[in-house]
Amino acid sequence: MFEEASKGYPDTEIGLSILSGDTADVYFVRARTILEKEGLDPVVTMEVFSNGRGILCGIKEAIDLLRQAPGYDGQVWAMEEGEAFSPKEVVLRITGRYSSFGLYETAVLGMLAHSSGWATAAKQCVEAAVGAPVISFGARHVHPRVADIMDYAAIVGGCIAGSTPAGAKLAGLAPSGTMPHALILVFGDTVKAALAFDRYMPPEVPRIVLVDTFKDEVEESLRVAEALGSHLQGVRLDTPSERGRVTPSLVNEVRAHLDLAGHKQVKIVVTGGITPERITLFKEMKSPVDAFGVGSYISGASPIEFTGDIKEVDGRPVAKRGRLPGITPNPRLVRVKY
Amino acid sequence: MFEEASKGYPDTEIGLSILSGDTADVYFVRARTILEKEGLDPVVTMEVFSNGRGILCGIKEAIDLLRQAPGYDGQVWAMEEGEAFSPKEVVLRITGRYSSFGLYETAVLGMLAHSSGWATAAKQCVEAAVGAPVISFGARHVHPRVADIMDYAAIVGGCIAGSTPAGAKLAGLAPSGTMPHALILVFGDTVKAALAFDRYMPPEVPRIVLVDTFKDEVEESLRVAEALGSHLQGVRLDTPSERGRVTPSLVNEVRAHLDLAGHKQVKIVVTGGITPERITLFKEMKSPVDAFGVGSYISGASPIEFTGDIKEVDGRPVAKRGRLPGITPNPRLVRVKY
Amino acid sequence: MFEEASKGYPDTEIGLSILSGDTADVYFVRARTILEKEGLDPVVTMEVFSNGRGILCGIKEAIDLLRQAPGYDGQVWAMEEGEAFSPKEVVLRITGRYSSFGLYETAVLGMLAHSSGWATAAKQCVEAAVGAPVISFGARHVHPRVADIMDYAAIVGGCIAGSTPAGAKLAGLAPSGTMPHALILVFGDTVKAALAFDRYMPPEVPRIVLVDTFKDEVEESLRVAEALGSHLQGVRLDTPSERGRVTPSLVNEVRAHLDLAGHKQVKIVVTGGITPERITLFKEMKSPVDAFGVGSYISGASPIEFTGDIKEVDGRPVAKRGRLPGITPNPRLVRVKY
Amino acid sequence: MFEEASKGYPDTEIGLSILSGDTADVYFVRARTILEKEGLDPVVTMEVFSNGRGILCGIKEAIDLLRQAPGYDGQVWAMEEGEAFSPKEVVLRITGRYSSFGLYETAVLGMLAHSSGWATAAKQCVEAAVGAPVISFGARHVHPRVADIMDYAAIVGGCIAGSTPAGAKLAGLAPSGTMPHALILVFGDTVKAALAFDRYMPPEVPRIVLVDTFKDEVEESLRVAEALGSHLQGVRLDTPSERGRVTPSLVNEVRAHLDLAGHKQVKIVVTGGITPERITLFKEMKSPVDAFGVGSYISGASPIEFTGDIKEVDGRPVAKRGRLPGITPNPRLVRVKY
Amino acid sequence: MFEEASKGYPDTEIGLSILSGDTADVYFVRARTILEKEGLDPVVTMEVFSNGRGILCGIKEAIDLLRQAPGYDGQVWAMEEGEAFSPKEVVLRITGRYSSFGLYETAVLGMLAHSSGWATAAKQCVEAAVGAPVISFGARHVHPRVADIMDYAAIVGGCIAGSTPAGAKLAGLAPSGTMPHALILVFGDTVKAALAFDRYMPPEVPRIVLVDTFKDEVEESLRVAEALGSHLQGVRLDTPSERGRVTPSLVNEVRAHLDLAGHKQVKIVVTGGITPERITLFKEMKSPVDAFGVGSYISGASPIEFTGDIKEVDGRPVAKRGRLPGITPNPRLVRVKY
Amino acid sequence: MFEEASKGYPDTEIGLSILSGDTADVYFVRARTILEKEGLDPVVTMEVFSNGRGILCGIKEAIDLLRQAPGYDGQVWAMEEGEAFSPKEVVLRITGRYSSFGLYETAVLGMLAHSSGWATAAKQCVEAAVGAPVISFGARHVHPRVADIMDYAAIVGGCIAGSTPAGAKLAGLAPSGTMPHALILVFGDTVKAALAFDRYMPPEVPRIVLVDTFKDEVEESLRVAEALGSHLQGVRLDTPSERGRVTPSLVNEVRAHLDLAGHKQVKIVVTGGITPERITLFKEMKSPVDAFGVGSYISGASPIEFTGDIKEVDGRPVAKRGRLPGITPNPRLVRVKY
């Protein structure tokens, strides 16, 4: 059963401007008018595929759109959220009166393209990290209207959390985050900021302190560890590119000094320009990183293009030039329940 | 004056989930709580810049967000929508009580990142096309929630139109489009579909017919030109990659046959995998293309990362490690009126 | 026995201008004069080898030349037509009075160079095609005086046929060919030309129709298949580079439409810029190609350089600088019968 | 006038097998049969062009073929032997009854392809040599049937001579050559061979002695210069690749020793693996080379593909897909007199 | 006059093991024995050149060697210390009895090779620094026996100082240096070490403090500047590769903080993996570096090979194979006074 | 036991200027003064490592230096001369009063850097030669003060000999060498020089004759072999780059001619621009080389950088930024006996 299989994520609410076709390519709006005037409304089958490969995401939202589409009562077959797809593999097949779903081709393809792009990039990070948790930290690189969609897609791709409350809600999780540089700059001292953080945050928020704002990361880590004692759960290293980014050597050094001073329980979270290549480097050099925070590699990933082709009209196989007529078999497609 | 200068685009409505901080990185939410409990609320100055270069877009929306932000009454300096920015150049400076805008850092950066990415890619196409109009056709590659934002950004980057009604509204233009393959497949014949299109569309919709669905592009162009006569304003070539995409030779060939048959008024629009490199190729080979429709090169462009740095706290220059303390002069910044 | 082993190809007739030395490097003509005047005519042994590797071809013709050379009565050892040779491997050893064969060094080397170049290129195509037949279609890229030699060499390299009657005669086969674009252009319609072809050609000529002249390949294939019915044995796709050449996708598409319409017996022959790399691509993508026609990759192949070295003079080992004196053992050499 | 302009080369005799169509692609033979049976024989115009650029050669022979073709009485426009052509530039236009010349398409294209390939490679060497004479020495790399055609093409490309008597006759020049290694190996000593050469060769044959067979090039040059005195006109350096080929340093060294010993009149000819790149190297290093002998770079050059397209049938513009219908203007074409 | 021209560097003392031939290739020792026994002792002329290009260094020491060589009374022509030489340019010509200097070929070539290698690398740094002083800091990468020679060569190449007293003596300058990490580690605090340094060092030693040992470079610079006040002349940044090396951004940041705190007189010296490429980067980014300290780029430079050729024996031009006989004119050679 | 294990090489005498600190970085001299005045002299532990990998050499000399250092009585752990080391592996650990060895950091690192660079390059040649002996011939590319150190390092790296008497003494071997070009040029003939060499050299000096000075290598080898008969042990090929260097083909050719003439006992030594890549080429082509003489590849090798870090001060773990505090375990370190 697809619904059960879709990991229990809550339904996405589809906006009015989407349902109205306002965000569709205008030629679909026009096509609807013409066909209506001609009295043409065949049953058509559309198949959706990509020329690339990746992790499918957005399929749940696309199905929600069809469910909420007024008048649609056709049939839908789909692969599941989070599955890997191959080039030319059909991930979605829609059958129904053309008038009842033709207008949504743009929206369905866009949901799949953007979300699968993000989920695929997330999966690459997660695979490189072989076991170490990866968190999506890239909300700042996407338009806020889709920040939640992006965080959700990152989680579908394997991240354990995202940084926005809206994304977390969509994924049924708590959001993840430490503290911003801004907080420390306003306090003027990392230790003061850390103590205030510890004082006011509810117990379920992990005490992870950002330690690269004013002083050397090693020195700041030791100061914070001393000040918070056993409350301190981790430090976050976010050394900027102007200072050479976080390197495996820096993590080793912070770890060595923390251990030497008896703070073995303090975890190390690494952020700042993290990519699968850099994660692999940390792994190869056995650098003791406890978690990776990934920003633009995931949130700045290019969409993966999807195409929708009409393959049958009133039961007859058809195709435009360059495509094969008729339905493409794919045993991985599952009939969606309504 | 900034408002006047911003090309008269209508204001973007900022969603509630953005204003509530629901799409912000959660640590900004937490920072607000901590500072409030500590009673700390200094006047801070934040500067926004990128490490890359490109066309600035999203700045108008960011300003709209600050205007609509409850309680914000600081000062804003900004470069203008559509201007070219350089690495490290400050494009936006915000001064105010930290509590009144700190929460919006994620949203502001996200608006700039996504929109500037799209506008910059559009500008590259427009520059390659030296004079030939470029239309944004890529709504299908982005989530429908941002399809209008993307089309608007493409127009800021120099496109003459986008394909979605919502994007057109944002840019104060009419949407642009011809007809989808789906329409022709439903009719079963390009000429029949073209005649119906001509019959029902209002006069202001240009008669541009897609000619690669069933037959050879040359043959179909001639058939359509014969059928619609002087009504036909253009043909659109969208040959798929499986058939070698549209090439300069194909355009020459279609042009030669149309001219030989007396249809010199019919324009040629080219779409399908168009990039600045391919536009340049058409230009270098003096191929008679009348307009280019660009999809994923624009809509699939990666966001351009922006960073927000606090540079003053209650008048004192500050900076986190890696950045220079104090305000960065930029004579191109203009004070925004409220 | 070499003669028996040489696949029963008929003897090549050696032209008079070759036997007279008119096409030899003039210094060999001069050397003959000088040695004659000096009364010097030792028994010498010459060995022929290449610095490259490839498929030996032209050896039969070279032996024919020595047989037809007036006065030559020495001994010849040779590898066989069609064998693979390695760098520096001796493929031919000639012993005899220098006056009786010295003049033919240029001709012997030229026969081997040109023919082995063609045979080697053919073999590369044949190996890439793993089982699918390859036909040599490149007569138009070589001077007509050697078109037959080129076709013969292609067949030695593994092609199942060439396109010229003269080449076919040399190889003891029937020539292969379908119909030229010129025929279709003169008829003005592919179907008319195909029906005429079917009407007048003797039954042993296969009915293979060229389907890319006027209309889309898919449409034309279906029209021809309908018109000729079970007479039609195949279609030839020769899409020009201006239209993206024949691609694996196009073959799939033609195959799908032919099958859908019940013409499963119609084979697909692919031509136009075919190379081993492109053959491999068709194979890797499991494109249903039934035969490949190869032109310039074979006929435009560079000659493979051969060198002739004198290694013994009256039984004494000699060598010029850079070469080793004396006979080079090669167990693959076979004594040629006269 | 074309004939006068064609440098007075004697006519090439076209072989019977070419005139009979025996070396043509068999489909042209078949097309002739079909059209005859149908009673179709329109006046067609064929245009010949290449997709590459180069030096046109073989055009004179192609015109000779049409002149000798039984029954051809159409009109021919052509560019001239030795002219540079550009991609897609029409180099030959033939108008006439299709039955009178259709069969010769293969031969005409083959003559142009092979000869233009050789002439273009020769021109590259001649241009690199900026003034130093270049001689074609590559007969050993082509089939002896076309050795003369190759030498002729090299001369059209700018070489001052070729090595075969047959090629020389075609170009109206004397053949060029020194002495083969074989002669020296038979004599057993370079000086003995040189003295015999001087003794028996007629005075018009230049005394140029090959000096790399047995001893060091410097030593041998001095020995030969001493032995032949003022008779010696030049030495040829042909150092094999096993010994590092002829280098600019070696030429300098031979020159220095010859000059030091008072043999300033002795020229230096360089052969062995010479390419435009290596000629340029000699030139850049101001190495005192008096002439270059080029072998496989010219004779092993790939043919340049030409295509023949029917562009008019009984006055109507036509074209196959991918090409433009109707005659292509080219002011460089000259009407050929008959 | 050469001596005057040689910048007044003091003479290098040539060690006994060099004068005895103990460090010469043993075959020169043997050659001396053989020639003595044969009674052969011609006057020979040897010329020294390189196949590369660079800055000549070691020539003064080589001349000193000949001066101190027992029995040498020939003539010497030489280019000057510090001049640029080209490939094949003669930099040294020695005439004399072979017995009086033949043994020193190894030593002369070795002096030139090693010293010119270092001087050439130094010159590359100096040119990249366009005006900013460069100091040689690489003694730790060469054997201590040649540390002084290396520092001297770096100064000939344009460095303003080296780090070793012995090298400084050779160049007639004071050595340059700040303080080692070891000193700071022993003191346990940079400020304490800096104060002690200031307390005990004579006034002519510049107060330049190394600021990357324990704390962040910015923080440490400010602490040291506060502690030493106007005594502080500079800070040295030597950030290790594990921490991203010194970057242009870091220099900017240190400068900005020093200036903001009123320490505008404090200079910034940059060390650690400095190469011409990195110097150019600092220059291009207008980073306010006051001096560069270069280590292994100079001291680890490969020697530049020199060759010594005998070109005359008792007045007769000679040469070994590959070289031109007789003296090579070079107007830049100056006769050396004795 | 380290002394026993160090292959019995005699002790290196450390020069006075090294022991005095005259060749040390001046800041170590200054540090000594400051610490003395402060009365600070803790027991420190310094560890030495490289960021690269290679063959350790110079460690014996470094230990000799500490032994001869006045006042040093600490403890030393070291890896052995000739062992392979990895990046970051500690090769030397010194514990003692800082005043007793701090001054020698520059010298110790320099000894290791230069010697390990040479030994590592030698090892690469030896490994490429798989069994064929390699001789160090590069004294002419290094300053004569370190020629013996370089030859010694080459022998540690696996060479069977070096060319200088001083280097040989250091390694406890006889020096190796044939004859210089100079000797032959003075004699004016290779055979005369060879006969004199044979006449005067003691019997233990191998009769290996250089055969590329005046005549072709093959001819000269045969002349020398004839003249010296069974006395001749080998020929050395040293063909200069101007003549294409020694190639595998040339060696084959010399070998073939020597064997043909009955001089099978004569070995072939190859020199001139030999590198591991070229040795591998000779090996792959099974060229019969009996020994390789390597010059600048070994003697021109760049030093391998070593770093000395203080890791403990009076028993407390310390480290500068970028390094880990405290002692690094390495079981391969052996305690050095005093």
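We just call them A, B, C, D, E and F in the order they show up, numbering each chain from 1.
In the analysis below, a residue touches a chain if its C-beta (ideal position, glycine included) is under 8 Å from a C-beta of that chain, and two chains touch if they have at least 3 such contacts.
Note that the coordinates shown come from a computational prediction; the quantities given were computed from them, not determined experimentally.
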Checklist entry - When you check each chain against subunit A and subunit D, which touch both of them? => result B, C, E, F
Checklist entry - In terms of residue-numbered contact pairs, which of E-F, B-D or A-B coincides with B-E for over half of them? => result B-D
Checklist entry - If you average the Cα atoms per chain, which one ends up farthest from subunit A? => result D
Checklist entry - If every chain is reduced to the average of its C-alpha atoms, which one ends up farthest from subunit F? => result B
Next on the checklist: Could you work out how far the Cα centre of subunit A sits from that of subunit F, in whole Å?
Outcome noted: 58
Item to check | Distance from subunit F to subunit B - Cα centre to Cα centre, in angstrom | outcome: 65
Checklist outcome for this item: Chain-centre distance (mean CA atoms) for subunit C and subunit D, in whole Å, is 22
Checklist entry - Which subunit F residues reach two or more other chains? => result 214-216, 239, 242-243, 249, 253, 321-323
Next on the checklist: I'd like to see which chains touch which, written out pair by pair.
Outcome noted: A-B, A-C, A-E, A-F, B-C, B-D, B-E, C-D, C-F, D-E, D-F, E-F
Next on the checklist: Help me check something: in the complex, which residues belonging to subunit D touch subunit F?
Outcome noted: 214-216, 219, 239, 242-245, 247, 249-250, 253
Checklist outcome for this item: Listed in rising order, subunit D residues that touch subunit C in their complex are 15, 17-18, 21-31, 33-35, 37-38, 40, 42, 44, 46, 51, 58, 98, 102, 105-107, 109-111, 113-115, 137, 139-149, 163-168, 175-188, 193, 196-197, 199-201, 205, 212-215, 239-243, 296, 299-303, 305-306, 310, 313, 318, 320-323
Item to check | Residue numbers on subunit D that touch subunit E, as the complex places them | outcome: 216, 218, 249, 252-253, 256-257, 260
Next on the checklist: Applying the document's contact rule, which stretches of subunit E touch subunit D when the two form their complex?
Outcome noted: 317, 319, 321-326
